[in-house]
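Two complexes, one shared chain (chain A), two partners (chain B, chain C).
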Partner chain A sequence: MIEGALWRKWVFYNIPLILFVFVLLFPFYWMIITTFRPDGELYKPWNAVSYQPFWTNNPTLEHIKYLFEETSFARWMFNTMFIALVSTIISLFCGVLAGYALARLNFPWAGSLGTVIFVTYLVPQTLLFIPLAQIIRNFELGDTPWSLILTYPTFLIPFCTWLMMGYFKAIPKELEECARIDGASRWKAMVYIVIPVAVPGILSSGIIAFTLSWNEFIYALVFLSSPDQKTVPVGVTSELIRGDVFFWGPLMAGALLGSIPVAIVYSFFVEHYVSGLTGSVKG
Partner chain B sequence: MAVTAVAGAEARPIPRLRRLEDERWLALALLLPTAILLGLFIAYPFFEGVLLSLTSQRVGVDGEFVGLKNFVKIWNDSIFRTTVWNTFWYTGVTTVFKLALGLWLAMLLNRHFKGKALVRAFILLPFIIPTVLSTFAWKWMFDPTFSVINWTLYQLGFITQRINWLGDPDLAMTSIIVVNVWRGVPFFAISLLAGLQTISPELNEAAAIDGARPWNRFWYVTWPLLLPVTMVVMLFSVIQTFADFQLVYVMTGGGPANATHLFATYAYQLGIGTGLLSEGAAISLAMFPFLFVIVVVQLLYIRRVETR
Partner chain C sequence: MAEVIVRKLNKKFDSNHVVKDVDLHIRDKEFVVFVGPSGCGKTTTLRMIAGLEAITSGDILIGNTVVNQVPPMDRDIAMVFQNYALYPHMSVASNMAFGLKMRKFEKPEIEKRIKRAAEILGIGELLHRKPRQLSGGQRQRVALGRAIVRDPKVFLFDEPLSNLDAKLRVQMRVELKKLHERLAVTSIYVTHDQVEAMTLGDRVVVMKDGVVQQVGEPLELYNTPANRFVAGFIGSPAMNFADVTLSGSNGKLWAEAPGLKIGLPEPLAGRFKGGNGAKATMGVRPEDLHVAGPADPAELCFEVEVEVIEQLGSEILLDTRAGNSTFVASVEPTLRTKLHDRLKLAINPNRLHLFDAETEAVI
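Now for the complex of A and B:
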């Protein structure tokens, strides 16, 4: 659309874009370089003469080794993975069914129930964490993965439902009617005809739900107490900072390794992730 | 007997399935799991939270009903007032920057160039990587003694003394705002990009033929068409930012000297840190009226924009 001299393209488009990408990605570069930098180079004051911040000639695995030998990092990874997977599956199950009901069935208060779902979608976790901690204790779920597996769906289900409603609304009614004329029951038409068509939507909500539960922090921080039960974000925060001492090497190694599962899932399904994200915004 | 028993066993599931043929029963069955989970872990804790905030309960002490005493107490608490101010400042400033930078980035991405898909995929990383983990990278970059930002500014000749980013109240707030903007811009950019892509380029071309300058084309053509998406994106972002916890907890923990608390971090400090459960619950709940107003105002506005 915009044609012009090459320098204009660089000044108005390429250079700003490069700057954006640089700033957005630099902290991750910093994470990586810190992970592999020996302590001797790490703790040099910022104005030291021989300080070379952006590269190291002596890469080391000692921080990663520390992480696996001195902390329960492997255990945290497993916990986080388990909790994220199970709560995603629960939320998808509930969200797909509820989304189908709200988008395609006629029943009293369908509209207002949709609004209720949208409003719960907007309830932040930080509003309820103190009473919820007491309820978790009363149910004797404290310090178990189930305290998170059962509470994460409270923010994942509304999200999945909302997204799935959009997908289900886009599927033509005739598809289902054909199956019903051929003798399928409502239930069968839903399970065998409509839900398979909505698989892209299910994938999108599943991926976003997975990254959201991997990201969750305050519930995990409040509900879990023993080191072996913790998730990656909580474990890294509580076990690699002792008093005022930050173990920056292992801390960055933990941040890097803890990000990798999410990054892998994301990289395989970028398109689904983006379409889910933008779908949730369009509503 | 045997015949009727068999017939009964076969007959029993049929009415249940028939019942699912009725849309109302099917809807009920489909919504039940969601209703149970949301009722148990949202509605019930909300109700319990309100009750809790009206008692004097602490860790280990059951407490008694004290009416609105906790709310009066936090109202007169100077840290709480700072917290309220901080939360509004934090939300307002970050939203303006996220919108402006996000829109700019979206416009930069809304054209064809080599490696666009790759750039778009990488740009979203700050948004998908767990916030706590990426915030630690920032905290390390802002470290008073080993800060790479200080090093860069020093090498470029902007500073001669170190800047203690997280040790000074105003600088600490600014640092937190920077990290929040960093994390939020990708979400704005990608969502607004999706909005931009639904706007037909012909509209802009027609305006250009009619002699509209680029700025006018943006202001009179693109922006009004983008407004519905923008409002929804803002709604999500404002609520998430207003109720933010992780970022401040990691960066400053509310310090220095309680200067950077948000509702959630102060509620955590009082409720979980010092065990004053009822006061913590009261602070958390104090967010509710604000959130409620934000949601109602924005939903009304969105409806108005969409029906226009």
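Now for the complex of A and C:
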């Protein structure tokens, strides 16, 4: 907290905080209000008499209904969930093992290998999708969930590896040494001691990896084409923007419903998530 | 129960030679303390005995078996770490049970051992707590308990008390001593604190720059240090040193420095083989200096100026100066003196040490 006079507290603490919260939350508010606003209000010109941009007196579920009845939204949700979960599990598994190896096994060039892995994370997806498209075609995986499940780890594994490497480095080496003296092999020391202690870190990378794959757009747009195979971000934008016509109500409803699973995941693990990112291991 | 034998042990980290030709024979049930300043190789030696650090050359034997290539889990040792290394996600009981579970002990046996260790250490009520809910002293006990339940051949301690506050450290030191008497397991203890080394060790190994300086019982190190380093490291307050020039006249050997001329007593003078004008270091402990009285021969006395007076209650430490040498003297608490007073101090002739100026070895 900021010490001193009341005006200082307002100027340096409260007002910036309020601004920050407003900027952060307003788009969500807008998304929610648009979801429940009837079309009649949505397309009213701004200078009309009873124009009410921030509130609606006639909330409606017609956009949500439209989403589920007129589009394959439920299918998109399922696709997204399936793809995000499987690719997260694959990436976490590889990331945890690779991160452990880079942090703890003293092999030559472990440090530079860690850097190289991170650099691969920096290669933009907008470049990488071209060669990947070729590979997907060669393996005949186009227009299946596996085209994404197998390509998402190309950016998720480096990310998880890097995050887990940092986390494993912060865990005192003595814990593992003690386990090894206590009678555990290296593998058992990792499974029984290091990984349980690293759970906050694993959860954090899992959450971020899940969110990244949930929101991923380019690969999903390129590799999936039939409406039944699409993920939420691609499905919503391709089916609800037709030419230059934006179906704002269903679009916002799709965005709202699509962000709920991520919000649930975050709220469940928020404590672990914070301690994972701040790397606190209590001895 | 086992002996630990270390033969010509060496450790190099790249070009850095941190442990040099260490030879040790630690007897069954003995409590041996490795002591030395930081970076002297004591912890590295311990870690090599534990199997946590690979050996560059030499042999380590535990109970007559060469363990050079044996992984830590198969050496039948237990180690207590400086930061305790308690498993943070496990309760105290699970922490203690872990080593036994890994060794596939039956559940009733595990419970029996935990109960016994908890009784010995007085941590019975803490068994269900997590390490983060414990104080430093309690964590230390749990770390000890985890080692005790294993009933290993050798206990290894890596500065286990240095994270505790001073009062608790003294208390735990006593407990460790009692524990060793009760369990009678060969123990190796690493510390940089010479008081811990003196009070705990059956024998003490003093190390410096990867080389063993002297191995001996605590009083042996105190009374007959092998070199200047050991003399200065063991004992608190530390031994006083003065660089002196040796010369013979009137059938006596004299140690001279500005403001100082001491006639060396016979056994010491007899051991000196150098010629006139040889350089040496004279060493005398603060408690072997006293305010000179009429009975003290003049050749053992020298005049000093008092620079600092430290009242400790049971004694007074006087920081004094004679020429360019400084001397700390431990004197009777009844002595009344003021800053800048000039005093005459006398040396206990049987407790005077002389070290070679070049090799620093005792003369």
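Just so it is clear, the second predicted complex is superposed on the first by the 259 of 283 C-alpha atoms of A that agree within 3 Å, B and C clash if a C-alpha of one lies under 4 Å from a C-alpha of the other, contacts with A are read in each partner's own complex, and residues count from 1 in each chain.
What we mean here is this: contacts are C-beta pairs under 8 Å (C-beta built on N, C-alpha and C of every residue); 3 or more make two chains touch, one makes a residue touch a chain.
Computed from a predicted structure; not experimentally measured.
J.: May I ask you to decide whether A:Asp244 touches chain B, chain C, both, or neither, giving the answer as first, second, both or neither?
T.: Touch status of A:Asp244: no partner.
J.: Have a look at where A:Phe107 lands relative to chain B and chain C in the superposition and call it first, second, both or neither.
T.: So A:Phe107 only meets chain B here.
J.: Have a look and say if chain B or chain C is in touch with more residues of chain A.
T.: Ranking chain B and chain C by residues of chain A touched puts B first.
J.: Figure out whether A:Pro196 sits in contact with chain B (first) or chain C (second), or with both, or with neither.
T.: second
J.: Is A:Ala179 touching the first partner chain B, the second partner chain C, both, or neither of them?
T.: second
J.: Touching A:Glu69 in the superposition: chain B (first), chain C (second), both, neither?
T.: The answer is neither, since A:Glu69 touches no partner chain.
J.: Residue overlap on chain A between the chain B contact set and the chain C contact set?
T.: After superposing on chain A, chain A residues 185, 281-283 contact both chain B and chain C.
J.: Within their complex, state which residues of chain C touch chain A.
T.: Within the complex, chain C touches chain A at residues 50-52, 71-73, 75, 77-79, 81-89, 98-99, 102-103, 131-132, 146, 150.
J.: Which positions of chain A touch chain C when the two form their complex?
T.: 172, 174-175, 177-185, 188, 192-193, 196-197, 199, 281-283
J.: Going by the contact rule set out above, which residues of chain B touch chain A in the complex?
T.: Chain B reaches chain A through residues 17, 20-21, 23-24, 26-28, 30-31, 33-34, 37-38, 40-42, 44-46, 48-49, 52, 101, 104-105, 108-109, 111, 113, 117, 119-126, 128-134, 136-138, 140-141, 143, 145-148, 150-152, 154, 162, 182, 185-187, 190-191, 194-195, 201, 204-205, 229, 232-233, 235-236, 239-240, 242-246, 249-250, 263-264, 267-268, 271-272, 277, 280-281, 284-285, 287-288, 291, 295.
J.: Where on chain A is chain B touching in the complex?
T.: 1-2, 13, 16-17, 20-21, 23-25, 27-28, 30-31, 34, 42-47, 51, 53, 90, 93-95, 97-98, 100-102, 105-108, 110, 113, 117, 119-120, 122-135, 150-151, 153-154, 157-158, 161, 185-187, 211, 214-215, 217-218, 222, 232-233, 236-237, 246, 248, 251-252, 254-255, 258-259, 262-263, 266-267, 270, 273-274, 277-278, 281-283
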